[in-house]
Structures are given as structure tokens and as C-alpha cells.
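What follows is a short report on a single structure.
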């Protein structure tokens, strides 16, 4: 059966560059003679029949915008057979022949569940700021979040240096230290704490010991991954303060600013490339795969693999911070 | 006695544009045939004889940089007569004839104390992101901090809108809601909580009630001043969550990023103008005044007034957010 | 006759912050119980009946966006009685009771012409990057353009300093040197050429003479206003090259990037304040005035004055660059 | 003979991220127990004995800065045997055991010449915004320049859309269309002209024909590579204007802003990684190679290959712009 109409949705945590993906998918679909509709709020919208037209005019200019014009959500209802039955109703009602899913591993798990129950080709592209998806060297949104976190650290360096302060800067990444690791290198951080490294706390203490004579004269910045296992930036700062009272200590939790903002060139191009490729794959009756980029090449990875494995942060890069 | 050598220092919380002031002071001094030295870490450096040369080459390119190359501190020692005696030693040792003080009301209080005990002309310029100094419509650093806070809110809006979330964004300002107020207008916030307004909590609740049907579909952003009297963003968020469980609530505390960053054009020009004027004032044996800008004109205000009054945030602007 | 429906339009060169004005006008109008429509492409749209609804939902999020969602144009047809007759038809057809005009002196001249022929209250707010409108200390868009030009100069400084080059950077401003002047101060330029100063070329040559020994070792940046009378940056660069061959000379014409971009906090707040005030003025049957800000106060100036005078760039600031 | 002292220099056109490389090299060298000196202005400084110390304190904070603190130059004198003899004198005088060269193919050609005449290990890393060096997927500076060009195009889109204008935006790249190609995708350009594609002019004309009915209503942006063979943006704009007078046409030549600015995270990390690796290579007596990154792996390529081949822009990406 020929593919004539594609439904596009974003799901899970939003990330900058998702809109570039939507834009490119609509453009490519039009080029190939396909129609597009948007499903709002991920699987929630699929269940609730929240479907909107997506023509070229609807996506005009969105390549520059953060967030996702299709909105996103995490759907509990979709984890039930009942929820998925409603989703299938929506697909039938709108004669949607195939789905482009933009999101992370939860998104692809949902896609797998749906494909087991209904004959619908789904192809995914990786949208998350965490850069921990198996099957791609980069996820859409990572580079923007990295530049945002780095810019924040640069600003914090300004004031830390003026006051001679020790800062703990908490960067997003509940399960992965990738964003924190790259942020630390990019801002020239003095130390780094990530879940992937169990020896870092000890090294931090050694460094603080060595730097003690310069405390209050010079800045010292520790980047802490959100998922760090010592209890988070606030707790670590308290421990350090107790051990090294000479330091004038501050904590900054960067938070949700890391999820927004106009996407960087890298994320726009990545989103545009992967989405264009995904639409072509759907056209060719591919299904159940995520389109990623590895070693500079566009590749496909079955959803099953994407949901069972994680990409590990390149911790050998930590040595640059030593 | 002719002024031949000026000591420049920054004191209190740092703010973007302080370096523009230093640069301009050195440039103007050179033009007028004066020598400059820098005193590092405010009154601490004055006490500890931490004095460095400041020639044109030393300030090259710093107009673009956040923070202060002279570093800053809050000095407890300077509050003692003993501390100030040491400071006077430093002034004598380096034959410093006059001082340019860049900072806030605490800075000028220190200057007043010193001038009571020693014959030294001191002129100040207002460096703080809070914009609450009496004697000037704008303080150096406010515009940059405002743009930083606004940009953060813009990013948060992206993700808030994608997820249909309610965000409480805490903006700096322990005693003043000025930064929060201007940030709220600039980012098109949906509500604002500042210390200057006691009715805002009630209005927030009314607005949230009215917006309830759109919760989870659209974003809602509340800007909260750090000095807000209801207990801060985290506490307010908890109260709101209890009353309106339908909202998907998040808190973001912007923190120290607001103190850093390359200064905006406004702050660079303001810093450069006020510092140039301050040096000229010192040359003309002015003393004990802060140079500010009011109604587009450079004006002088005695330190005593600057330290006894505050500029109130223009709360009538709040109506734009209604 | 009560005002019930307001037509909003932007006209002349676009400037960042116009959208903030549109957003605020719609918000204020709704608060006051008025209806809004948008007229696209300024007087062109008025003539061609290009009118769209403007509800709160239509202006959601535009406060962050550069350009104008109502588009803009310069209309020759409106300079004819025939064109204006058609415009009046449009006003009648849509039962538009009053107009909010966002633009520059050309815009207000058009408004004056229309008001002579038809009973329609028109109030204006100043939207132009040039900051040369009589009746306001700041025009909407100036601060953003200034920050854009400054940021460009900062980047040019990086490469100029690396290579030891002399750069002529041309900044917009056909009739006014205001943008160039403020850019020059903000980026710490080494020299400035503006139409308002006839002695600047001579001083430039003196400075280049004095700097000759450091040519090729250090950067030298000359900011040139577009309307400079010596023939523009390219011609001046050629003259200088001939006289001082030792300099490695480059020209950069910043161009239209200065007209775009997300508006700065200053421009958003200014746009929002002036537009809110303009709507209130229309409600109170004011007409024929531009709402501006002078000495920190919102004031009204008759269109006749705005179109007959110019605000002069504050050339006394030039001394900071000496 | 053991390597004890490394000389670091930047040469050719500067690019953002060179400072990150210098910072990382000094850090790595210190970690390995090596001493560093900086040679200013590339081969010019080597000839003129312009050598400065490079300790950790000398490179503090430079990771955030554009340009190169070591300055750069293109040296004619070094192309002569006489020049190189003087350079060798400098190496001997300072007991420099090895060189880290940051630059492009011209830089590596110079290195090859020197290594033929004198026993000095030289390792290079790729610093250029053009991204056309053989032996690496990315050059240091490309990502920053790309983001700068994209941001400029975003701003131009704002004003182009407001006025319904056709813009020709010229992007750097004398020999390579890589920067222009990626910029065009990232900003969602409507057409692209690069030296690598001979059919693009025809397609542009077709697109302009198809878009003619929307001219003056909507924007149209053409990204033009500097090295495009039809005569540059100005000439093409004139040709187009003659053929399609309905378009309101503008030209913007982005120029040297693309060379400066704080480096992006990508460029800082790339610079830091490659420089660290280069120092280790020198320590291990490697020589005559450029350290690049290909398929996510750090690799070495002999200078001879780097100077004889070019990396071709991935023109298959052009289809995204169709």
C-alpha cells in the first residue's frame, strides 16, 4: 500500500531542533508528493484526536525556533491497551499511513507497542538534549543545550573570578553525564562530577586542597551532572564547605533554560537531515527504525536496540579537565 | 593640591559594565594627564596594599568583558577603624590623591567613613544589577542583567509552551523588584511577584483560576523577585501546586548567571560616560558624590543621600502585565 | 463617538520591538474592551484592504520576535489623493474608529495627510533604528540595532587584533550618526566618522599618524556612519590606504543585519509601554500625536513637530572616543 | 633527544577556537612536564624572534575568547630560504624542541619547508573557518563561523519578511562552499549558490520565476558563497533585478564578522582535544602530521596530504534546500 499521508509528532522532553525536523519533514514530504498532518502533544494527541494540518505555510520560519510547535507530553494513557486503541482510531480517522516520531527512547518504546498492535510504519529521529541515545553520535538538541550551558558557565566565571568564589554548577542529565562533560571542557571548568565516574569526588577534594592557597583570589568552577550520585550540587557544596571553609561557595542549578532557545546551526542541520531521511524511509516502507548519524553517515537502528542500550558519555575526554 | 594619581576600585557585588567604567576612567585620566592605579578587591585591597598599575595597555579590550578586572569583595575589616587606618597607609604609600569608587550603597558608606578620617577626595559611580540606587535612573549592570534574565525566560517559554507548564522563574533582587518587574514585561510574563506589591499573590491566584482550563495546553510564566515576601519561588510553587493540582509546575532560579556576561551596549556606554565624568570631577576637586544619570543628564548626588534612600521600582509598569 | 475598533499598522523601515508594540496594543485594547484589527504593509494595506483580525491569540509570543508580523512598506500610492480615498474606503468597510501608527516621520506625515481628509483619530509611536525622531529620547529598535552593531564590532575586533588590521565598519544611519556614535563608544572604537561632525576626518588622519608605529601589530577600528559625507567606508578606506600604505586595511558594511533580530529588553519594554499608552490616548480621543519618552516620562508630541524636526545625535559623547 | 620545550604558533587566517587550542596545549604540556613558549604572528614572529612565555597563568580564561592571543600573519619572508634561516636561529636561541602549528594548508606547507631544512618536529592542528582541510571532518572555527552566519541570516530574514524582499547574502569561502551550504540549510534559505555546483544559477532563476507572484509579499533569501563563479552577490543581484524587476532586491556581505566572536562549544572542545593530542604526539616524537577528527576518531594525516587535497563540501545536502 502506498504511503500518502504522514503523521508527525514530538514526544517526551522537548529539545531545540525538533522544529527544524518538523520543517524539513514537511518540505521533503511535499517534494515527494506526500501529505502531512501534525499530531499534537505526542501520544496524548494521538489518543485525543488532536490532529492539525501541516502544510509548508504552517511550518514557515519555525526552523529558527526552540521548543516544538506540535507540543509534547509524556503519556500514561498510551501505556494501556485502551489508550493505544484510541490512538489507532485517530490514525484510521485521518487516514494516516505512516508516522514520524521525534523523541527519545520512551517515544520509541511507545512506537514499538503500537506497531505490535496495528499495521503502521513508524520511523523515528532522536530528539533529546541528553545525547545518550543508542544509534546516533548526536541527538537533536544536544549541541544547543551544550552551548546554553557553556554560555551560562562563562557568565558565572565572570562573577566567580571577580569575587574569588567556588561555584558548583549543576547541568541537566539525570542518567547521563554527557552534557556536563562537554560543558565542563567547553567552559574550561576546574573539576567535573558525573555519574559515570566514581573517582571524581576524591579528585575534586585533591584539587580543592591544591587550590586552597588561591581560594578567595581566583575562581574555581565545578560542573556537576544532575544525575551525579553524591546527592546533587547543593549537597556536595555543603560537604565541601565543611571540609574547606576557606572557600566562598555558591551553587547554581541551570535548570530548564537548557531545554529552550533558538537551535544552534548544528541542531538545525541535524534535525533537517534526519527528518528528510526519515520521510524517505517511510516512503520506502521502512519501519521500526530510528534514523541517526554515526561516523558522519546517516544510519538506521531498530527501535529495539535504541531502547535497550544507551550511548555512554566519552569519559576519556575528562583528562582534558585534569 | 593638584590631583596627580587616581586610585580606582570596584566593591560590593560585581556587575557587567564595571570594566567599561575602569577602561573609560583610565582613558580620561590619561587624556587629562593623570596617572591611574588599580586597587584590587575593593576595600580589602586597600587594607592589604593590593595595588596594581593601570595604564592604557592594562585596560585594552576590557570594555567587552563582564566582571571586573580589579576584582571585588565585601570587606568586614574596613568597618573597623583599624582597617581604615591600614587603608590610609596604602593611600599614602602609593601617593594616591583621589579615589574612584565603583559599586553600590555599601561602597559609598565605606567612602564616607574613610573621608571622615582622611583627607581624600572620593567620587563614586553606581555599579549594581539591582537598579535601586538613589541618584541615578540606571545603574551600571542593570541592563545586561535584564537582558540575561529575559533571554533565560525566553528559553523557558519555549519548553514551557511545548509541555504546557507553569513556571516560577526567580530573578535576582533581594531588596528591589526592579529587575524582576522589567524582566516580566520584557518576556511577556503572565504574572509577577515583587516585594513592592502586597496584592500580587491574590492576583496570581485569580489569574491561575482563570487560566485553569488551559493548564497543560499552554504555558504560564510567573516571574518572582528573589526578595519576594511569600517565601521565594519554591515555596510559592508548592502553595500553588496544592491549590491548583492541574498545573504541571516547575521552578527555575536563574541565580548568578545574571551577574556575568559581556555587558550590553547600554551598560558599556553608561559605565564609560559616568566614569569619564567622575574622573573630571575628581580633577576639579569634587568629592563625596556619586555621578549618576537622571532625565538624560549627568548629575551628582552626595553619598549621604545615596546611602539613605533607595530608588523604588516603577510599579505602575506592572499594569502592562495585567 | 466612542472608539470601539482600532486598526494597527507598521510603516516605513521595520525595527525590532515593533512586534512588542503590537502585542501590547492588543493586550491593552482587550483590557479596555476595544477590538483590534491589523492592517498589513502599512498604508499599502490600507489602500488594498489588507486587513486581518488581531486577537490575543494572534499576537501570542510575538514580543520576542524581530520584524513586524503586520509587515511594512513605503507607499507611493498613499501620497496621492486617489490612494488615500481608497484607504478611507477600507477604514469605513471595517468600521475602524481609530488608528495606531508605528513608524517614523514618513509614517506620521502620511497620518497627517489622512487626518486632513477624513475624521479618523491617529496616534503614533516611534519605530525606527535611527533614533533621530523628534519627541522621544529613544525610538523602538535603536537599542537592539545598537547591540547588534556592537556585537559585530566585537567580532571584528577579534580578527582585527589577531591580524593587526585597520577596519572601517559602516553602521546604518543615512541622516543620523546616532547609531554609529553609540556603537563606537560601546565597542571602544578608535575613531568615528559621522555626518554631524566635519572635523572628524582630520582627527582620523592624526590618529592614524600617531598609531602608525603600531600598525600591523595592533588593531584599529573606525566606525563610519552610512550617511558620512566623505563618500562612505569604501572610499575613505581607499583614501587612507593611499596615505598610510603601512596599514592592512579592511572594510565591513554591516548592512541589514542591524534591522533584525530578537528585540532587546529595552526595546520590548519601550514598545510595550508606548503602545499601551497610545491605545489609552486613542480611547480618550487624542489624535495627531506621537507618544514618546523624554526624561523618563511618557509624553505626546504633535505629528507636525515630529515631522519638522530631528533629534540630533549627542555629539559631545564623541570625546569618550578621543 | 627528549622534547622539553614546545613552541606554539597560529598562522594564516584566524579562526575562533584557536585560543582553546593554545589553552589546552599549555595545559597538556604542563601535565606532561613540558615547557611552552608562544611565537607571535606565525612564521613572521619566528623570523623576527617574537617569542613570549606561555604558562598556565598566561592562558587563563582564553578558552572563551575569539581570535588568537598569539596573533597571526601570512609571511612572505618565510617563503625564502633566508627567512627560514632566521626562523631556525630563533628556534635555537630559545631551545625550542618542537612546534605546534595551528592553521591551514599554507601553514602546513611552511612547516614542511622548515622540516626539510632543520631537524624540528612539527605537528599541526586545523584552524580555519572554511572547513575544507583534508584530514579532518571539522576544522576549528567552522562551527562558530557557521553559527555567526546563520544568526546574521536569521536577522536578515526578519527584515526581509517584514518588507517582502529578496536578499542575496554573501558568506565567506573563497575556494569552498561549505560554510555557505551549511548556513543555507541552517537558516532555511530559499536558494544557494556555491562554486561546487554549476547548475545552481539556473535553478535559482526557476525558483524566482515560481515565487514571482509572492514577490514583495514574502521574503526570499539566497545564500551566496564568496567564491561563487558568477561574479559575487552584487553582480548576481544585478542580473536578477534585470530579469525580475518585481523583486525588491538587497545584498548583504557578511564579511569579517564571520571570523570573530566567542567560539562555540563545538570549536572549543575540538580545539582543546586536537591540541592536547598534538602535544602528546610531539612528546612521542611524531612529526609532519596534522591531527584531525574523522568519523569521531582522532587521526593523523601527513602534511603532504593535507596540502595536496581539499575536503569537498557535501553538496548532496543541497537537496534539503530544494
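By letter and in written order, the chains are A, B, C and D; residue numbering begins at 1 in each of them.
What we mean here is this: a contact is a pair of C-beta atoms (placed from the backbone, for glycine too) under 8 Å apart; a residue touches a chain by one contact, two chains touch by 3 or more.
For clarity, every value in this text was computed on a predicted model and none was experimentally measured.
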### Query
If you average the Cα atoms per chain, which one ends up farthest from chain D?
B
### Task
Could you tell me the distance, in whole angstrom, between the mean C-alpha positions of chain A and chain B?
35
### Query
Rounded to the nearest whole Å, what is the centre-to-centre distance of chain B and chain D, using the mean of the C-alpha atoms as each centre?
39
### Message
I'd like the Å distance between the centres of chain B and chain C, where a centre is the mean of that chain's Cα atoms.
### Response
29
### Summary
Going by residue number, chain D touches two or more other chains at 154, 157, 161
### Message
Can you tell me, using the touch rule above, whether these chains form a line, ring, star, complete graph or other shape?
### Response
ring
### Message
Give the list of chain D residues in touch with chain C in this complex.
### Response
10, 14, 16, 41, 65-68, 71-73, 148, 152, 154-164, 167, 217, 250-261
### Query
Along chain B, where are the residues that touch chain C in the complex?
23-24, 27-28, 31, 61, 63-64, 137, 143, 146-147, 150, 154, 157, 161, 182-183, 185-188, 262, 264-266, 268-269, 272-273, 276, 294-296, 317, 319-320, 322
